[in-house]
Amino acid sequence: MSQLEVRDLHVTFGGLRAVDGMNFDVEQGEILCLLGPNGAGKSTTLDLICGKTQPTGGSIRFQNLEISQMWEFERARLGIGRKFQVPSVYKELTVAENLSVARSVKPGIWHALTSLPVRNSAKMREILDLVGLADKIGEPAGNLSHGETQWLEIAMLIAQDSRLILMDEPTAGMTIQETDRTARIFRSLKANHTLIVVEHDMSFVRTVADRIIVMNQGSKLAEGSIQEIESNEAVKTAYLGH
Amino acid sequence: MDVVLNQAFAGLSMASILLIIALGLAIIYGTMGVINLAHGEFVMLGAYTTWALQNHAGLGVVTALPLVFVAVAAVGWIIEKVIVQRLYTRPLDTILATWGIGIILQQAVRLGVGAESRFVRGPQWLSGNIEIGALVMSNYRIFVISFSLAILVVTWLLMTRTEFGMKLRAVIQNRGISECYGIEAKKVYSVTFAYGAGLAGIAGALITPLFSTIPTMGTGLVVDAFLVVIVGGLGSLMGTAAAALLIGEVTAIFSIVINDTLGRIAVLAGIILLIRFRPRGLFPSDIRR
Amino acid sequence: MQSRLLYDIIGLALFAGVILFGVPALFGYDGFELNTFSRYLSLAIVSMALALSWGTAGLLNLGQAATFGMGSYAMAMHLKLKASGDNLPDFMSWNNVEALPLIWAPFHSLTFTLLAGLLIPAAVGGLIAIFMFRARIAGVFVAVITLAFLVAFQLVVIEQQGLTGGQNGLTGLAPLVLFGWSVDIYSLSFYYLVGACLMIALVFGLYLTHSKFGLILRAIREDSERTRYFGYNVANYQTIIFSISAGLAGWAGMLYALVLEFASPTYMSVSFSLAIVIWCAVGGRESVLAAAVGAILVNLAEGRLSDVFVEGWHLLLGVLFLMVVMFMPRGIYGVIVDAGRAMRRKPVSKKEAQPFETSLNPKRES
Amino acid sequence: MKRREFLGQAGAVGTMGLASGLSVPALLSGVGRAYAAADDIPVGLLFSLTGAVAVVEHTLHDAALMAIEEINAAGGVHGKQLRAIIEDPASDPATYADRARRLMIRDKCVSVFGSYTSASRQAVLPVTEQRDNLYWYPTLYEGRECSRNVMYGGAVPNQQQDILLPWLVENFGKKIYMIGNNYVYPKEENNYCRILLNDLGGEVVHEEYVPMGHSDFSSVINRIRAEKPDVIFSTLVGDSDVAFARQYRAAELDPEKMPVCSLTRSEIEVKAIGGDAAAGHFSSAPYFMSNDTPENQKFVENYKARYGADSVTHFVSEAAYFQVYQFKAALEKLDPANISPTEIRDAAVGMSMLAPQGEILIDPNLHTHLWPKVGQWQSDGQAKVILQSEERITPKPYAAYPGQQCTGDGLVKS
């Protein structure tokens, strides 16, 4: 049984078939990269999995549970985390508070009413050390630089500790060093987490991807390892070959 | 049957007044996302300007209209420059600020002109009724209905057929990019705000022969106009017109079937349900962002 | 965050000192002044209640006056029944109501009244909240729906004259008897009763905002969408805080009806609702304490200024309010926080001084 | 009880008060009644200068203030000046209650003059009765109140309708259409009207109430057209009345065939309506500005001199004016060192004086005996009196409710 099974997934926006019959599986502990030209439906696929968009047809099973009709927060509680293309951290909250919101093992109201907003746990320090924000812990996130904001969001995803993490262009706007560091973090996450990553940076994809799916016009064009994809003729015509 | 016909006309008449007040609000809201709670006070200023022109210059309501438009638009322009412009980055605060402006305008008029109700004479040539069978229509109300339609058409043309309209729509779509192309968004906002205020002034001039002209006259109107804008769909001119018509007619029908109070309650309940299930309004605008 | 808590605790201690000891001493235990101040304190509760929903969770509730009114009517109904003895309340016989309406009957009991004044507004607030937040209504639409509800509710109350006393409201009330103590509203004990209610409400409010619950609400205020993907049921969080806020408003309403000795549909007017918004904004909507202080200060200023400028004080209030919105968007609280920060370390970050923004536009359906 | 006793008691408790805070209440119940024998006599003016009812209340304020200053200019009372303490309750009942407390408790006024609406009077009532103060209320109202602490200067239903209804039925017909704002005053007037109509064989074709401030009367006018009544019996107030009159006129309904007869429309509303739209319709009131008495000539002259040539007096501002003189006359009967609200009240009962409308008298039930009239509005904004009561009419606050009577001992039920 795969961790995530997507079958015949469809979504239509006013006549436009944004995702048109997607089928794929993702295994526990795998890093799957989604490639494709703009408008191929990559981000929409992530939206469908995390619940931002409701599918017009098809099924999404996560850990053998049908999730396509669930609310976003229910899916999140099952263990699906999402990073959006535009960095979205809470700018008015401090770094520590951002992590505390993200650390949502018990998202119920009663628990929230009976807990402190921020606990200085070893886990939190560990995560902050990992992304290099330990000295900014009390800083409002709005004061961080663009790169730091990206790191904070990644830290939040680690804190959330989702089994399946959906990443939309995590390295956009990063320097080469930062991209390398992100790649290292991703590889270290692999042990306990599954990742689906939408990314354009091919060198990054080469470093992290276990498997690649290339999308075009809402459906799967090709699937396989990096070598297989790079030698695929159809992909070359549609995407890589200009 | 007679009652139904007459009531349909009454609904149309209420709708025209709602429309003319709501139109300015809709433009301002649609363009810059500012909920102008001082809009009722612009209506009030329009009424008082009409009164002043009639009393001191002997102008009739209809001849005063262009002057009223210019005067109230000027006030709107100044307010936009001095106050509203500083608040575009925090839209919810504009509700509070414009409410404060409303209080100030109201009190300024009260202190300057006095609290008592002022009398504005309706145009003589529009007195009387047209009777078609049992349907009795007041000439002045027919005039207001036609005028509101004319304003709607003019505004629509202005938005779609002129260079200013093109600039305006560009700014609505994306302010940053428009500015790169040399459109001065600030100027566009100022002009739009002034135009919306001017329309409110015209509304004030037109309703003052029917209602009572006091400094607080705008307060009740703004809530209704605001509901019309929301029901119509943000920034949509035709939506605003349709919503005004709908609310006017439904109010008229309810008030004849039940009574005015329950009619109003029913309309409010309907509006709440509508916003709940169609938060983008009846006719969501395609030009908004 | 530590500093926020520190500010609030120091502030609460100072505030409690001023309210409990300073004010009575300052006014020489004068009954009239204490009564006036009791009025301000009860209004402080409704202002801090708005800070919970508006400041913390970003839900601008323009219907706060409706739930406030419900509380005041609950209390007034109890006292009216008491004043009427075995007879029907006078206004009912004027409206040809033959027997005591069913919904009035339980208000003979003080316990029921106190619970009803708190729980009915909370329940109504909760229902409106469920209705709105399940559909993800946000920003200005919350303001519109609550405003329309307020207008409709006030119309119903005025319309149902036989049940509510209509435009005149409920007057001719008996004094409240609490555990055998007949409450004299000009007494220091009554002042302390209201003061204690405010303190309890403030401590409760501070607890809420400084718990993880408050943190999640602030997160929702900033980006409700994002918060959902962390597994929080945003609608439930919003509903709970909305309902708590409405309940507190009802509580404030009960005290207000006691202070003024009548309940009136004007307590449920749009202008009263907007006045609550002003108090909250002037004090600072981010802190419940600041909102309470704002209510007291504005009312105090209104009381004093209207003595000096009989004709012009309304104008002055408008100008004052506009200045606050434009130049002190976070209210007095923001000024104090910024000053405190400036003292601790020299350069004040520009970004922090910015107010928070609440999304005005509906979430785009893409 | 004598004042000195109160002061003694208050002083004793006052010193204790600081020691033990909780015994202070004992002191406070005395505070409101300790009227210091100062150099002047504080009186409160509680009329809204801002907000929705300011249009009317400001004129009441003006009239009362003018009376106070006239009295002061003539040497005051017992050589003491009246000191007017002005508060603006801003048309909000809660603020009325608050400001009334200031006037009665803090400023120790011996009387407060104020308010127009029933709601505001009822808001002021609790503190007035507790402190045994005296509230001078100049407005016509619904009756059904019998406080020993309110001096009612305006007409009650029987004083407005007893001469009016037979005349209406005789001259215009039996079909009456009732329109009013939705609150207690219109409903009570209509209750009483129905009783009179019953005896006269009249008929109510429709009775309807619109919310306060309602301004679009298209539906009402359509219904009037459909029902074809003989008379419109209106108890609309303020802006609603103005809007109704203007739209009635715009709809070309003819006052000769279907007049509006109002219990509330006065010169001040007519000024806003415009003489043309008001002309031909009727109002029932004890006073019109055109009243031809020397007292009225003086009143109108002084008023215009003070507030401008285009200002108007009306039946409520007349009462606001004469009530200050009633207050003065009562004060004159008392020992200047020893005045209190209740003594002023007791001195005022049974007193008669020449008011602009004619000779009026204060009944033991604290309401006023008045001279009802019916006026027809002219296009110059003035009323022509076309019917005048031959005798002064006794106020019967509970006229619609047999078995209840308001007397000098309060409400008596039999």
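For reference, chains read A, B, C and D in written order, and residue numbers begin at 1 within each chain.
Just so we're on the same page, a residue touches a chain if its C-beta (ideal position, glycine included) is under 8 Å from a C-beta of that chain, and two chains touch if they have at least 3 such contacts.
In this text, all values refer to a predicted model and were calculated from it rather than measured experimentally.
Novice: With centres defined by CA atoms only, which chain is the most remote from chain D?
Specialist: Centre of mass proxy via C-alpha means gives A as farthest from chain D.
Novice: For which chain is the distance between its Cα centroid and the global protein Cα centroid smallest?
Specialist: Per-chain C-alpha centroids ranked by distance to the global centroid put C first.
Novice: What whole-number Å value describes the gap between the mean CA coordinates of chain C and chain D?
Specialist: Centre-to-centre distance between chain C and chain D: 35 Å.
Novice: How many angstrom lie between the CA centroids of chain A and chain C, rounded to a whole number?
Specialist: 42
Novice: Please work out the Cα centroid separation of chain A and chain B, and write it as a whole number of Å.
Specialist: Inter-chain centre distance comes to 48 Å.
Novice: Could you say which residues in chain D touch two or more other chains, in rising order?
Specialist: Those would be 49-50, 182, 211.
Novice: Can you list the residues of chain C that touch 2 or more other chains?
Specialist: Each of 155, 158-159, 311, 314 in chain C touches at least two other chains.
Novice: Would you pick out the residues of chain B that each touch at least 2 other chains?
Specialist: Touching at least two other chains: 107, 261, 264.
Novice: Indicate which of the five shapes (line, ring, star, complete, other) describes how the chains touch one another.
Specialist: Topology of the interface graph: other, matching no listed pattern.
Novice: Spell out the part of chain B that touches chain C in their complex, as residue ranges.
Specialist: Against chain C, the touching part of chain B is residues 33, 35, 83, 86-87, 89-93, 95-97, 99-104, 107-108, 111, 219, 223, 226-227, 230, 234, 261-262, 264-265, 268-269, 271-272, 275-277, 279-280, 289.
Novice: Quick one: in the complex, what on chain B touches chain D?
Specialist: Spelled out, the residues of chain B in touch with chain D are 2-3, 6-7, 9-11, 13-14, 17, 107, 110, 115-119, 121-122, 127-129, 136, 138, 140-141, 209-214, 216-217, 220, 252, 255-256, 259-261, 263-264.
Novice: Residues of chain C touching chain A in their complex?
Specialist: 1-2, 208, 210-216, 218-219, 222-223, 225-234, 236-237, 240, 349, 351-352, 354, 356, 366
Novice: Would you mind writing out the residues of chain C in touch with chain D in their complex?
Specialist: Within the complex, chain C touches chain D at residues 24, 29-33, 35-36, 39, 91, 94-95, 155, 158-159, 161, 166-169, 171-173, 184, 186-189, 256, 260-262, 264, 266-267, 303, 306, 310-311, 313-314.
Novice: Enumerate the contact residues on chain D facing chain B in the complex.
Specialist: 49-52, 54-55, 58-59, 182, 208-211, 213-216, 218-223, 225-226, 238-239, 242-243, 246-247, 250-252, 268-269, 271-274, 276
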